[in-house]
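Chain naming follows the written order as A, B, C and D, and within any one chain the residues start at number 1.
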Amino acid sequence: MFKHIGLVGKHRVPEVLETLDKLITYLQAHRVSVTVDPDNAHLLSTADIKSADLPTMGRKCDLVIIVGGDGTFLRAASTLVEYEVRLLGIHMGRVGFLTDLTPPRMCVQLDQVLAGDFTQEERFLLHTTIMREGEALSEVDALNDIVAHNANIARLIEFETYINGQLVSCQRSDGLIVSTPTGSTAYALAGGGPILHPGLDAIVLVPICPNTLSSRPIVVDGDSEIEIVIGPRSPTRAQLASDGQITLNLEPGDRILIHKKRKHLHLIHPPGHDYFATLRQKLDWNREL
Amino acid sequence: MFKHIGLVGKHRVPEVLETLDKLITYLQAHRVSVTVDPDNAHLLSTADIKSADLPTMGRKCDLVIIVGGDGTFLRAASTLVEYEVRLLGIHMGRVGFLTDLTPPRMCVQLDQVLAGDFTQEERFLLHTTIMREGEALSEVDALNDIVAHNANIARLIEFETYINGQLVSCQRSDGLIVSTPTGSTAYALAGGGPILHPGLDAIVLVPICPNTLSSRPIVVDGDSEIEIVIGPRSPTRAQLASDGQITLNLEPGDRILIHKKRKHLHLIHPPGHDYFATLRQKLDWNREL
Amino acid sequence: MFKHIGLVGKHRVPEVLETLDKLITYLQAHRVSVTVDPDNAHLLSTADIKSADLPTMGRKCDLVIIVGGDGTFLRAASTLVEYEVRLLGIHMGRVGFLTDLTPPRMCVQLDQVLAGDFTQEERFLLHTTIMREGEALSEVDALNDIVAHNANIARLIEFETYINGQLVSCQRSDGLIVSTPTGSTAYALAGGGPILHPGLDAIVLVPICPNTLSSRPIVVDGDSEIEIVIGPRSPTRAQLASDGQITLNLEPGDRILIHKKRKHLHLIHPPGHDYFATLRQKLDWNREL
Amino acid sequence: MFKHIGLVGKHRVPEVLETLDKLITYLQAHRVSVTVDPDNAHLLSTADIKSADLPTMGRKCDLVIIVGGDGTFLRAASTLVEYEVRLLGIHMGRVGFLTDLTPPRMCVQLDQVLAGDFTQEERFLLHTTIMREGEALSEVDALNDIVAHNANIARLIEFETYINGQLVSCQRSDGLIVSTPTGSTAYALAGGGPILHPGLDAIVLVPICPNTLSSRPIVVDGDSEIEIVIGPRSPTRAQLASDGQITLNLEPGDRILIHKKRKHLHLIHPPGHDYFATLRQKLDWNREL
């Protein structure tokens, strides 16, 4: 099924290196060609392992296994998505939403995956363009969320939100979270948003501490064109974050254009993957009072 | 465009009768054949007007205009959906979510609609089957929502929820709201749910006063098969409501199967219809503190 | 310290009987006179044990130990509060908010309590009078909460709320929870209310599924006079529950007068009692995503 | 009743100057000695008006009238509280929570106040001391709230909260709002907190976007000693704001000690003041869906 597999690991974590060594031994025994990310390759016990950066890996491999947590997965995925390679995540601690294998069970589950016994799930990203004075200032992709936030905790930002050119609202708040279903269990959840099933083709807008009682998260179709316009009277110190990484400082009048990225992420799960079980396990979903 | 138009009005409301009379004069002047619902027909000032029940109207008309509020629209629509006839709503007070014409502007807007200048929107309904001991006990359609609720305010009901056969949660609460995007601005909103844009193909599940801190509304794909199983230890006095009408008493072990109805509602709007404007007007959406 | 101790147990639970037997042996060994509630007395292994109903127990004992869960405690406390006797709770499962001893540790903790090493906490109750056509129809005491709720899930009730004679709001909703700090971790929490520390002299009003976006729980001084007036247009089928027991059917125009009961509950804790620890343990308070 | 009245106005606002001029004419006609804040005094049309800074005004006047909005009131009050002088607020736009007179009605209402016909309300402030390595680094008073917040929107802060020395929770979030009843209708409300009646002797702790599903605002007695300890692993860029003004940058290990200030604010209202009416007017409290 898979002939060339890339391995990407969280940096400077002994348990990750150990897991990478085990994976190499396991995969080489299954006659799979293995490539490891440059930061980990030279730290491995295994000798003579090929190393490649993410773009090369994306082009050459038919599967990339990411070892770490959901954060490691997010960062690697934002590059690998360009190459449409399949991805599989191994979590070091408890199971993650994106990384649903764990070291104790990974060999049994990889036996299944290598035998072609797996499910594939498509996850979409948000492509964002920031426009300033008519020019595209910056572009960025996010698997979880795009957040416009005040940089000064004591000053609200003011912005208008449009869906497909229609005004949704003019709001003063600490900010706005625009989240994919993948991101709905991350920061959007902390902000009071609903959970969106990962198979849903939808985007949720969650206001952060809005200066109104009559606001609610709103869920729109995944094909919507979302535009956030920072108000002219808004304080200048607003910021944009993509998947939890600050991207740039926003200025009054900046327009943030968000739509679904054309290329999707191809996420692989071993058989028996159960999203709701992960939800119950990770979020203690519906634990009784 | 439309040759045969049916008129349905809220009963026993003088303003509705007055509006129906005006509509008949207007439509007859435009050489449209008009039929009125039996409850209102004999109360009109207009003489010799044809009357027909909803199923006949659904079969014979190419448009039905519903005069009243969202409640009147809901009740008429649940019958008319079977005939795939287009629907248009006129609201007596402020604009409604389903009834977006108002008497002062209706003639101008109907000029446009009769000239073919309108937008059409598809709204889906939820088809629900209640299974008891392996038999289908009852079936019902809802445009807004299906609600399973305790009948005794002092006793929680206990139920399991499944999506496409996968367990979502086992919950004790006052009940569960299963809502369409259309219903997301009705009872689901009062229960703390998000707003779903009416163009979204999704269903939201909103728990009512759940006996847990770790619960949230969850939004799933519109093609999901939803199953609620009333727990065997749950008090017997649970009830099912469809669009705010109590349908039947539930018993422990009852299974409530919910999926999207195959036939959709065809909702007509005059040009310039703006969902978010209605949202801001009706909900005072994002009014400043 | 305590010469006469009463024992009250949840009925028909083998583990409770077992715990009662152990308590009797323990207390008699400490030369304490023991009385048991009539429902459990004749089921005990211990011979010749005195039995008394709750009022008698309240008058004669200087401490009553309640064995069961928070529900058992609530029911016994509503009678015993009249006699100003001290109360101590033993929980059969995990620790409860009112019943913070558990059988494995109870003897060690009772050693401390009998030696006078304990803390005493005052908890207040809500006294409610229902007025109909100028007459007091019924009176009831609640340690947790008073709930006015629609009896028909498909019909909102309409009511006005007054604090010290000032109109707070006119609301249409499924109902209203008026809760003590003790009740703030019970139904009020499920309804979205804040947690009130048990030492706080305050009452919280939590609307249930209000038909508005602009509503919030409101916390008022414990000495407030609260009045709920069921609206004249409200459906007749509204109900009043006190501590989760339905008390009576409400009619349009009924006035529900609520204020703090003069007599308080005297709740005893062994040393080291930690409310926030109970909160974290029971509610999984602040468990990480 | 009042012989020496001070006037404080929002700066550089023509309507405020106009109102100050009217007040001076009105007060001098009532034989009251008037003092104006230095920033406005030299801009007035009235000649020969005495000017004094806030501390002097606090010492010499028996009433200070603040003209502007709630923000102007907050800033003046934080200085004037030290002198225990009575305060009255005039709002330029719609009524405010602290500034409940408006120019059109102010003369009628001042007639009443000068005749001794008013109510006086005590509002408490939070006194905060920031401790670093055992030393008091800074002290500040807040009438609304004290907020500890991450300075980097992409990094959660980690902190422990203690009430009277007992651990409440260890939390990772964007921050924590500690609010008085006065502040409960300001930022704490945007963060999802309950409304606390201004007469309530309580403090509410509202988490901002907590990284957990099982968190809620918690209301504690006004005499509680609150301590927030910034976690040693928390990012260094956390900030403290007092009444919406950033006060200082927090570092890991910093301890924030909060308790009620001994001196209270003495707020004057003309007769007929109705807190709940302001709530309904300002928040659109319980506006129907």
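What we mean here is this: a residue touches a chain if its C-beta (ideal position, glycine included) is under 8 Å from a C-beta of that chain, and two chains touch if they have at least 3 such contacts.
Only a predicted model underlies this, so the values are computations on that prediction, with no experimental measurement involved.
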Partner chains shared by chain A and chain B (touch criterion as defined above): C, D
Both-way neighbours, i.e. chains that touch chain C and touch chain B: A, D
Chain pair among C-D, B-C or A-D whose interface repeats that of A-B, sharing over half of the contact pairs by residue number: C-D
Equivalent interface positions on chain A and chain D, same or different at half: same
Where chain C and chain D are represented by their mean Cα positions, the distance between them in whole Å: 36
Whole-Å gap between the CA centroids of chain A and chain D: 41
Centre-to-centre distance between chain D and chain B (centres being mean Cα positions), rounded to whole Å: 46
Multi-partner residues of chain B (each touching 2 or more other chains): 189-190, 210-216, 283-285, 287, 289
For the chain D and chain A complex, residues of the former touching the latter: 147, 149, 151-154, 173-175, 187, 189-192, 208-214, 239, 241, 244-246, 283-285, 287
Partner chain C, residues of chain A touching it in the complex: 185-186, 189-190, 213-216, 282-284, 287, 289
Touching residues (chain side chain D, partner chain C) in the complex: 163, 166-172, 189, 193-197, 199-202, 204, 210-221, 224, 274-277, 279-280, 283-289
